[in-house]
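Below are structures written as structure tokens.
The same chain A turns up in both complexes below, where it pairs with chain B and then with chain C.
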Partner chain A sequence: MAKILIVDDSVVARMSLKSCLPKEAGHEITEGKDGAEGVALYQSFSPDVTFMDLTMPGMDGITALAEIRTIDPTARVIILTADIQRRTIERVTELGAFAVVKKPPVKEVVQAELDRALAAGAAS
Partner chain B sequence: MHDELAELREAYALESAEMLAEVESALLTLESAPAIGDDFNRFFRAIHTIKGSSGIVGADQVESFCHALEHLLVRIREDGIPLSSDLVSLFLQCHDHIKTLVVFFEKGSTELPSRHSQLTALIANWQPLPPPDASSDAELPESDPSVTAEETVSGQSGAAQKVVRIDAQKLDQLINLVVELVTATSELESHIKRLSDSASLESASSVSLLVKKIQERAMVFRMVPVGDLFRRFQRLVHDLSAASGKKIQLATAGLETELDKVLAERLREPLVHLIRNAIDHGIELPSERQALGKPSTGLISMNAFQETGCIVIEVQDDGRGISRERVLRRAVERGLIRPFETADRDPLALIFEPGFSTMEEATMLSGRGVGMDVVKRTIEELRGKIEVRSTEGQGTTFQLRLPLSLALIDGFMVAVGSEYYILPMEQVDETIDLPPESSEELLQRGYLNIRGEALPCLDLRSITTPDTIPPLSRFAVVIRQEGRRVGLAVDQLVGEVKAVIKPLGRLYRDARIISGATILGDGAIALILDLPELLRLYGENCIASP
Partner chain C sequence: MKDPARELTELEQDALQEIMNIGFGSAAADLAEIINLHVILSVPHIAVLESHEVINFINQEIPDTTDMSMITQFFSGKLNGGSFLVFPHGEGRKLLKIFDGEMSLIGDNYDIDLLEKETLVEIGNIIIGACVGKIAEMLGDVVTYAPPRFFGQDQIHETLHSVVQSSDSFAILFKTVFDFEQYNVSGYLFLVSQYSIMPWLKQAIAEFLGPHA
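The block that comes next holds the complex of A and B.
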């Protein structure tokens, strides 16, 4: 069982991501609606893995990713985005994103990346 | 699993409605102030979210349409393409289209809305430069063909017109500098005149001539076609007539008439108010119109044209007109006039009185707590005039007369003592020589006998109190203010001037009768008189006397 934070302004996107996560694992899931909420929840909830959208009102995902990585340089943040511009991928990788998953999320990909992130966390 | 899908689709329905509302609200703000800023980003994000969620629930048509739109928005943002009102109206059409696409998806329809391929092609092939003959999407004056034609480097026949887009703010800065340059040059010229060096004087004159030409050209940059302003009202009329259950068509004319950019911006609100009023109070319901033998679709027309030194804008409707009897009754109810005064007042003028329209009687459409008095005040602040004509049962026309430019004034210059004053040319009726004895008569009685007409008269000397003694022979300028003729006694008549208006310094901040200043060729200052204010403050002195 792991603690997972999902940050996305879209209810639909959050619901669909949750449906990709294995229910039987009994993960504890918390959700945030924008970057600022994401950063605050990261500190109070201390998730093992964070799923982060990029385009959000107020603080966007890139800024939130940078802040979270400053607070916790070992933070494992998986970026979920419909924006698959090479530049964006380079930028979030530079900022220390653990992985980038294209929206709409596919169950197998999400689970594989989640397993990888959890394993990396256990190893560190 | 099925429950989860149903839940997801329910969330999608809610979210897309919410995002579309966000899109519309952002676009409506952009419509009045098109710029790449917070509202553009709001619009962008909402489209992006709709796209993402549509992909999740399998609304493929919505997803691909939003994707194409997003692609255009990225181009606009990254290439720094300025937002025009035409672009914003295209986006509003996209908004409506996405809404329809979502409905089709929810109904499980495999068909596509009629305009789908047309709109998709439009956003995929959208180009920032319209062909020269296309109706312009000008927000900036540069993209207006009539302006660019003048600025185009001619020579090669058939050469494509070159259009350069410039940020409106940068243009304003440039124009302000040009105005400063005009002033500085005339100062320089007057210094050089004193040196009596003919070679220097000659080059100074040619510099001054060039600067004046630059100024004339620069003023043209500030002009935009009124069509940019009028086009925005199509949607307003469309939406409001739908909301009120009335059928209304908006006809526009004189779209190519040019006016000052700032003026166009400031006119938006008053015009919105007039249109709302026409829809709400003017045009009748279709059934009512048919019973009266009128076509069931009401007509609102907006017309613009130039007339000697001013631009005229008319908003006309073929509705029920204004009932003079009701206006008088309401004015009495509101305490604006006393019952026995009803016979002497022009009922239509009363609708511009503060307090005539109130929140209680204001409806959803025109009721924002803004009355016609605010419209009138805004127009007057712009040195303009508003008049209303109405025939009961046939309709109402509001006529706005505005100066062509806010930066230039066509004036008539006079002198009192050693001071120069400028009167707005459109208010000057005639000038009269005052024989010495009439000056006495004037001071004592406040009116003049001009060819048998008892003309109320005001001595500018008594207001400005110069420390020189009055010359033996003086003059009067007859001005017209709200249909009334008033004489203004002055020491000297200087003549017609075209002056650049400069805002007043701290010194004159409290002088309400002065609306601005201009710097003359010799570096002297002339003050621009605010005649309505002057007569309001000092008018009784001359009216009460005879």
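The block that comes next holds the complex of A and C.
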């Protein structure tokens, strides 16, 4: 069982991501609605893995990713976004994103990246 | 009293917003790939409005349409309507750099106004095609497009009026802002769909939500 933080302004996007996570694993999931809430929840909830949208009102996902990685350089943040432009992917990778997953999420891809992130956490 | 059949619920609006977000992301990725143009995306806005409110909304967003250029493209399918991509007038000139290589082939006698217009039409065609196509695809539809058309400054208000007035009394308005980062150019994209698509739209959203409920 892992602690997972989902940050996305869209309730539908959060629902759709949760439907891709394995229910039998019994992960503990917490949700945030924008970047600022995501950063605050990261500190209070201490997730093993964070899924972060990029295009959000208020603090966007790029800023939140940078703040989280400053707070915790080992944070494993998977970017789940519709913005799949090469420069965007380069930017979040430079900021230390663990992986970038294209929206809409596909169950197999989400689970594979989650497994990889959890394995990386266990190995460190 | 509001008629629920005429309204989108909060969840339906959220779903549509997410679908549009994915549609715009797809358009941005196409632009980046085809013409190396990086776009900063904004959170889309959706509203069901009466026809005259659509014009008011656009006027509020862009108070002076006499200083703008607009590309329109109509689409038809179960999802049908018009798309309006609006740029500040003259901003298209900055985007000409995208086609620098091709311009050098034309020589010194090219008509800069014509090239600006053609650049905006080409960019508009890519953005609108990718956005509307992806939104339609996610809602289980396929759309066909009329050719894109360019309208300058004083033609804009009249064109918007004629489109909105000819549709039914309510319209579904979608809006987002495109920010072309390296050129410091912003554009607005409005999609206006006729209210008559509402029953189909609600059903399509329900089907989209189905697997995630």
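We adopt the following convention: the second predicted complex is superposed on the first by the 124 of 124 C-alpha atoms of A that agree within 3 Å, B and C clash if a C-alpha of one lies under 4 Å from a C-alpha of the other, contacts with A are read in each partner's own complex, and residues count from 1 in each chain.
Methods note: a residue touches a chain if its C-beta (ideal position, glycine included) is under 8 Å from a C-beta of that chain, and two chains touch if they have at least 3 such contacts.
If you're wondering where the values come from, they're calculated on a predicted model, not measured in any experiment.
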item	value
Clash or fit (per the criteria above) of chain B with chain C on chain A	clash
Partner chain(s) touched by A:Thr50 [first = chain B, second = chain C, both, neither]	neither
Partner chain in contact with A:Asp9 - chain B first, chain C second, else both or neither	both
Broader residue contact with chain A after superposition on the shared chain, chain B or chain C	C
Touched partner set for A:Ser19, first chain B, second chain C, both or neither	both
First (chain B), second (chain C), both or neither touched by A:Arg87	second
Partner chain in contact with A:Pro104 - chain B first, chain C second, else both or neither	both
Common interface positions of chain A, toward chain B and toward chain C	9-13, 15-16, 19, 55-57, 82-83, 103-104
Parts of chain C lying in touch with chain A, wherever the complex brings them together	11, 14-15, 17-18, 21-26, 28-29, 31-33, 38-39, 41-43, 138, 209, 211-213
Residues of chain A that touch chain C when the two form their complex	9-13, 15-16, 18-19, 54-57, 81-88, 103-104
Interface residues, chain B side, partner chain A - complex	4, 7-8, 11-12, 14-15, 42, 44-45, 48-49, 51-53, 55-57
Residues of chain A touching chain B in the complex	9-13, 15-16, 19, 53, 55-57, 82-83, 103-105
